[in-house]
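Please read the structure below before turning to the comments.
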Amino acid sequence: MHAIATHIWLIPLLPLLAAGVVALLPKRASTAAIGLATGSMGLALVLSLAAFLATLGGHADGAAHATHIGNFDWFRLGTGSVRLGFLLDPLGAVMLVMVSFVGLLIFIFSIGYMAHDPNRTRFFCFLALFASAMLGVVVANSLLLLFACWEVMGVASYLLIGFWYHKPSAAVAAKKAFLVTRIGDIGLFLGMLWMYHATGTLLFFDDGRGCLEADALTQLGGTAVRGGLTAATGIALLLLVGAIGKSGQVPLHVWLPDAMEGPTPVSALIHAATMVAAGVFLVARVFPLMTGGVDTPVGEGTSVALQAVAGVGALTAVFAACLAVAQQDIKRILAYSTVSQLGYMFLGLGTGGVAVGMFHLITHAFFKALLFLGAGSVIHGCHEQQDIRWMGGLRRLMPVTYATYAVGMMALAGVPLFFSGFWSKDEILHAAWSWAPSRWPFVLGVVGAFLTAFYMTRQMAEVFFGQYRGGVRPHVGHGIPEATHGGTAGGVHESPGVMTVPLVLLAGSTLVLGWLGTPAWPWFEAYLNGHSAHLDFGRLAAAWPMMLVSVVVVALGIGTGWWVYGRRSRVGATAPDPLESQFPRIFRGLQARLYVDELYDATVVRLHHVVSMVCGWMDELVLGGLVTLVGLGSRLAAFSARSLDELLVNLGFDAGCASTRWGGRGFSWLQNGSAQRYLGGLGLGLATLAILVLWGWRHG
Amino acid sequence: MNPAQPYLFLAAALFIIGMAGALARRNAILALVGIELMLNAANLSFVAFWRHGPHPDPQTGLMFALFSIAIAGAEAAVGLALIIALFRHRRSVSLEAAESLKG
Amino acid sequence: MTGHWITLLTFLPLVGALTVAWGGPRSGAARRRVALLVHALVAMSAMGLAVAFDTSATGMQFVERLSWVPGLGVEYHVGVDGLGMVSVLIAALIPLLAAVVSDRVAAGREGVYYPLLLLLQFGLLGTFTALNFFHWFLFWELGLVPAYLLVRLFGGKGAGPASFQFFVYTMVGSVALLLAFLALRAAGGSFDFLELAGADRGGALGRALAQRLPWGGPDAGNVLGWLVFGGVLLGFAVKVPLWPFHTWLPDTYTAAPSPVTMVLTGAMSKMGVYGLLRIAWPIFPEHFAAAQGVLVPLALATVILPTFTAFVQRDLKRVLAYSSINHLGYCLLAVFVVGTPGSEAGTAAALNGVVLQMLNHALTAATLFGFVEVLERRTGGVRDLEAFGGLRRAAPVFCGLMGISVFASVGLPGLNGFVSEFLIFRGIFAAAPWAAAVASLGLLTTAVFLLKVMQRLFHGELSVAWVGFPDLTMRERVWTGAAVAGMLVLGVYPDLVLQWTNPLVLRLAGGN
Amino acid sequence: MTPWFLLFGGLVVVGALGAMALRNPVHCGLSLVVTFVGLAGTYLDLGADFLGLAQILVYVGAVAILLVFVMLLTRTGRGESPEVRPGGWWWGGLVAALVAVGLVGALASVSGWKPRSEPMTFPTVRDLGVALMTDFVLPLQLVGVVLTAAMIGAAILALPERRGGRVGRTPKGEEPEQ
């Protein structure tokens, strides 16, 4: 096991090397590119599993913390050096497995999905770069290294979202994603600077000298800044800003739905299952700091930072769920659902600790991957149609997709017992219930759970039930002009095996995973904390009231959804949504995403434009202004001089001129132009002066 | 007789010769030569006063002469350029050719 | 370490310039070949110097010291330390890069262009190695003249007024510098940079001046000290430039032919930062500390305001010019902020960051302007951002490599800009957290306008006008590839440079 | 009254007389050189070494040469008009005599000349240089400006004027005959 622990850096390095090599390959070598990228990812998965097993063995040995670190000097600085490091602990190991597994599936799925794209060589280069960065975030033992990978990941996602760069909407969405997450990144950057300044190290663990270890935490927790906050809280909040940006939490959620402009299932999956989880992972990674530097037991963490985490999470969970209700685009619904679920993860982290949040992260990654791939399959089958109003009745046309999608939907909605989503969400609600500072997160969480069940039912009903409504395309939009549809089903077909097999695999994992974290057998939590789990049904009994609440809420949500959408299928694609006809104003507001984008456009973006214009003018004015000023000054001088002249002339200067003219006539005889006469006059003057002086000297 | 006086007499002689020439000659160049002689006479006095004068400052007189030489150089350059310009217009360097600036 | 290596290196371009201008080659192609050969020789010599550089020593290396006018304290004194080494590398490599892409600009006038470029390099190398004010100033001015002529003779639209503005601005700065140094000399100091360091401790300089110049009242020493400091600062601030002395820069950079802009931004702007670190900072630490209230806000303005201005520019070169101001603004900010006694670790980080940023910006900005030249020679001089779109389809390699350079400019980790900006911010945060917070806004707004550039150039539909846009040729691939590889290497292994600068920085931070 | 003084003084006076009285302008110029050399010798005799050398360099080397050049440049093919204006010597001599009376009278009347209080220290060239760079730095700069202005001015004046430009510089009817 030490072999893998000391070579943990290989996991991100392999895809990185693959990306580098692929970048140099010519465009036509797509087979080699695909082989390299997928192979490196497969190897990474194998290594990740090995690492995971190693951490399993770790606590079997009875070690208190199954954490392995490997630090090294990056460059010298001052009297010391800047150090980076890698680390393997249960938290990282489980993320590694999740990321490399889901990642590998994406790679395989993309082989089929991108088969006809002329630029697929480059696509796999970006994918590998992305995977490498994400894995780097997971294994980094240094905030600096984590930040570096974090940024590279941002760029990779920028490239992937904007992969179809010829679509202006994709280019804009890519830019938006990069910039909005960069706002968060600046918070992270400042937090990192502060951390470095305060503790002198950015290593998380360094045999007692790391910034997440007791000494540093005590010091940070003991440093008061202002307003009663400690340095630990300040840093934690700044890091939280970074996590909010990356995980699309309110108020920086606006980029995530737009990011669906990328190649359909792949980019969406990245932005739904893996990359956005990085924010949650960051909070989990620095959790000791989040607790305010005091090592409080899980569940009572009531530091300011954790309250912020919980608050942001709860708010996002409900807010995004509301927006999801009114969306028509199958991917956008899932995107908002992702935002909402990420909110749950934050809520879980804030109220329940690492294990609660991370458990939901893992389960969510699998079923959301499943849903997105299913959506991709649906879109692929419906000829790039993404609007659920133009679908319907796909249950019979795409049976495999339907079955697997249903599994994912029930997991997301939180249907009890067999679906992983139920257990992880239940843990979160449980933690929120017993959270001391406030009941509000719990209430919001319950509302969110209801809405989740509702909008997922709506989606199911619209897509898979009723009649197929896609006979005529609503608009000849982006993409390839549609071929003629044969038959009533419009040529809808089930997807090929390379796409359905990952669906089935993911559906299976979704069913199994939930059992790792039930109250009766909290293996996941035990694993993360480094001790072993015991089966105890008594705990289940203690948790049952909460489970009951959860079940009731979910049943209500699904029931309402079915009552509104499933009971009577939509007649035509252009018919208004039932909710829309009932509450038109609210529905349209939600559909317009509550005008948050417009708000930002009118404030932040507008402000930036105005400031830019002002700065541009200023530069021109400083330049032109100087010239204008000089011109103005000389004109002023000329004006005053003229007035002075006229004044003096009017004061009788004319009279003086007459006598001058008379005198001038006389003097003009002297001014005959002969230089020598002048010189002679000068000489005479000199002589006269000399003689006068002489005379005066004699007699003075 | 103090030691500076011979030099001062020499300077006076130079000055007078220069002045007489500058007044008498028609050629503008030679008039300029006369002026140069007068300037040199002044320089000679400066140096004489510096060497034998009562003031103890070791440098000022020399400096004055030095700067004067520099200025004389400038003056000669401009004067000769003027003469060339004059020659181009009048085909002559006679001072009478330049008497058009009369009142 | 003895030998006349630095002198040889410095005067090599001069010999080259004379050879190209009046020596053997007559045809334009032959002149270009000879000039490239000389540039390459200079670059290789500088590399050799870098290899021979002793990273464990803190003092000056390759020192040559000859008495010149002993009565006035004028010596020929040259040498390099870490700062000098980095600067010499910049001065050796950037003109080479520029010369490689100069074929279009110089066409027909090789006999004028390449000698001027070599002369400019001569001035740069001399400036970066001189340790005595006298010949340092000679070289400093010497660099200005060929730069002016290059802009004036080879520039595009508006080159006349722009070059004039450039000349006058930098000349004003130079005169201020000259007067300040005459005052320093008059105050009984020396012309030697190493001996001048710390000359102003406790306002000693001002007092000495006041004794020397008998006019002025009892407080004259203080005032005179400030005047001298202001003169030195102005001389360098114009060159870098510091807001609001920057207005010459966008005009000049835009009007100059792109290869010349590469040298202007890559190497000449570094003269200002170099001067601040080598001359101003060691002599006037107390004045720097006292003037922070003014200087730090100005530096912050230098960091932030140009990023906004860049956003509304349509000319690609103007955008990049403003981006240059922004990037060097970080250097200024760091130099100004670490004047306060902060933590020693912070100061070390900031100064290391400044030197590294000099190199990084030289590489990145020069490469970007090189890409502009590549663009211009395909479009016939069109640089309007609104006129492009979708170039990625026509020229993927061009867009890929330029994209990496742009991201290096944004400060992406793994590329060179990140390390230096991180170090600078680290240092600033230690001394003035609020300044770091404000400056971090610049990180965001830089990304805003640079991404806008990428979007306008590369993304969207390919417009009909550029359908036949040719991708990079083999030669262009070689030099841009080398530049991008340099960015990667510096981003991953910054120790390559920091091993030179760190000992020096330790001395500076400790001596402060 | 050293022999040197007599020698150089004689040179000065003879050269000056020649420069003013000889008919051929070129001879006048050469005679002027003699004057300048005599003056330089006088300076050396007085102990102003640097000034003496500067006199040779500037006057003999530059001014006199320039004069001769201009004389050669402005030669016309026409017959020499009388070099002295009619009655010129009378007029010039009279004024000069008056000035001479004043000057000589003044010089002769000087009395009570105080001797030097301390021994003379002759400044070296280095001392002069230091003085120029310190105490006299402002005059030095100004002289530099004057010289630059004179140089530019001389160049502009001597350059051929543009054709068709600046009407009115030469009054009508006084165009040079070709």
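In order of appearance the chains are A, B, C and D, and numbering begins at 1 in each one.
The criterion applied here is as follows: contacts are C-beta pairs under 8 Å (C-beta built on N, C-alpha and C of every residue); 3 or more make two chains touch, one makes a residue touch a chain.
Everything quoted here is computed from the prediction, not taken from an experiment.
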| item | value |
| --- | --- |
| Of A-D and A-C, whichever chain pair has more C-beta contact pairs | A-C |
| Chain nearest the overall Cα centroid | C |
| Subunit A and subunit B, separation of their C-alpha mean positions in angstrom | 85 |
| Approximate Å spacing (C-alpha centroids) for the pair subunit A, subunit C | 35 |
| Between subunit B and subunit C, centroid-to-centroid distance (C-alpha), Å | 53 |
| Interface hub residues of subunit D, defined as touching at least two other chains | 85, 91-92, 95-96, 99, 103 |
| Overlap residues in subunit A, where contacts from two or more other chains coincide | 676, 680, 683 |
| Overlap residues in subunit B, where contacts from two or more other chains coincide | 19, 22-24, 95-96, 100 |
| Chain pairs that touch, as defined at the top of this document | A-B, A-C, A-D, B-D, C-D |
| Residue ranges of subunit D touching subunit B (in the complex, touch as defined) | 1, 5, 9, 12-13, 16-17, 19-21, 25, 28-29, 32, 35-36, 39, 42-43, 46-48, 50-51, 54-55, 58-59, 62-63, 66-67, 70-71, 73-74, 76, 81-85, 88-89, 91-93, 95-97, 99-100, 103-104, 107, 110, 113-118, 120-123, 127-128, 131-132, 136, 139, 143, 146-147, 149-151, 153-155, 157-158, 160, 169-171, 174, 176-177 |
| Footprint of subunit A on subunit B - complex, ascending | 19, 22-24, 31, 95-96, 98-103 |
| Footprint of subunit A on subunit C - complex, ascending | 244, 247, 250-251, 305-306, 308-309, 311-313, 343-346, 348-349, 352, 390, 392-393, 396, 400, 407, 412-414, 418-419, 422-423, 425-426, 429-430, 433, 436-437, 440-441, 443-445, 447-448, 451-452, 455, 458-462, 493-495, 498-499, 502, 505-506, 509 |
| Contact footprint of subunit D on subunit B as seen in their complex | 2, 4-10, 12-27, 29-30, 32-34, 36-37, 40, 43-44, 47-48, 50-54, 56, 58-59, 62-63, 65-67, 69-78, 80-85, 87-96, 100 |
| Residues of subunit C that touch subunit D when the two form their complex | 71-72, 182, 186 |
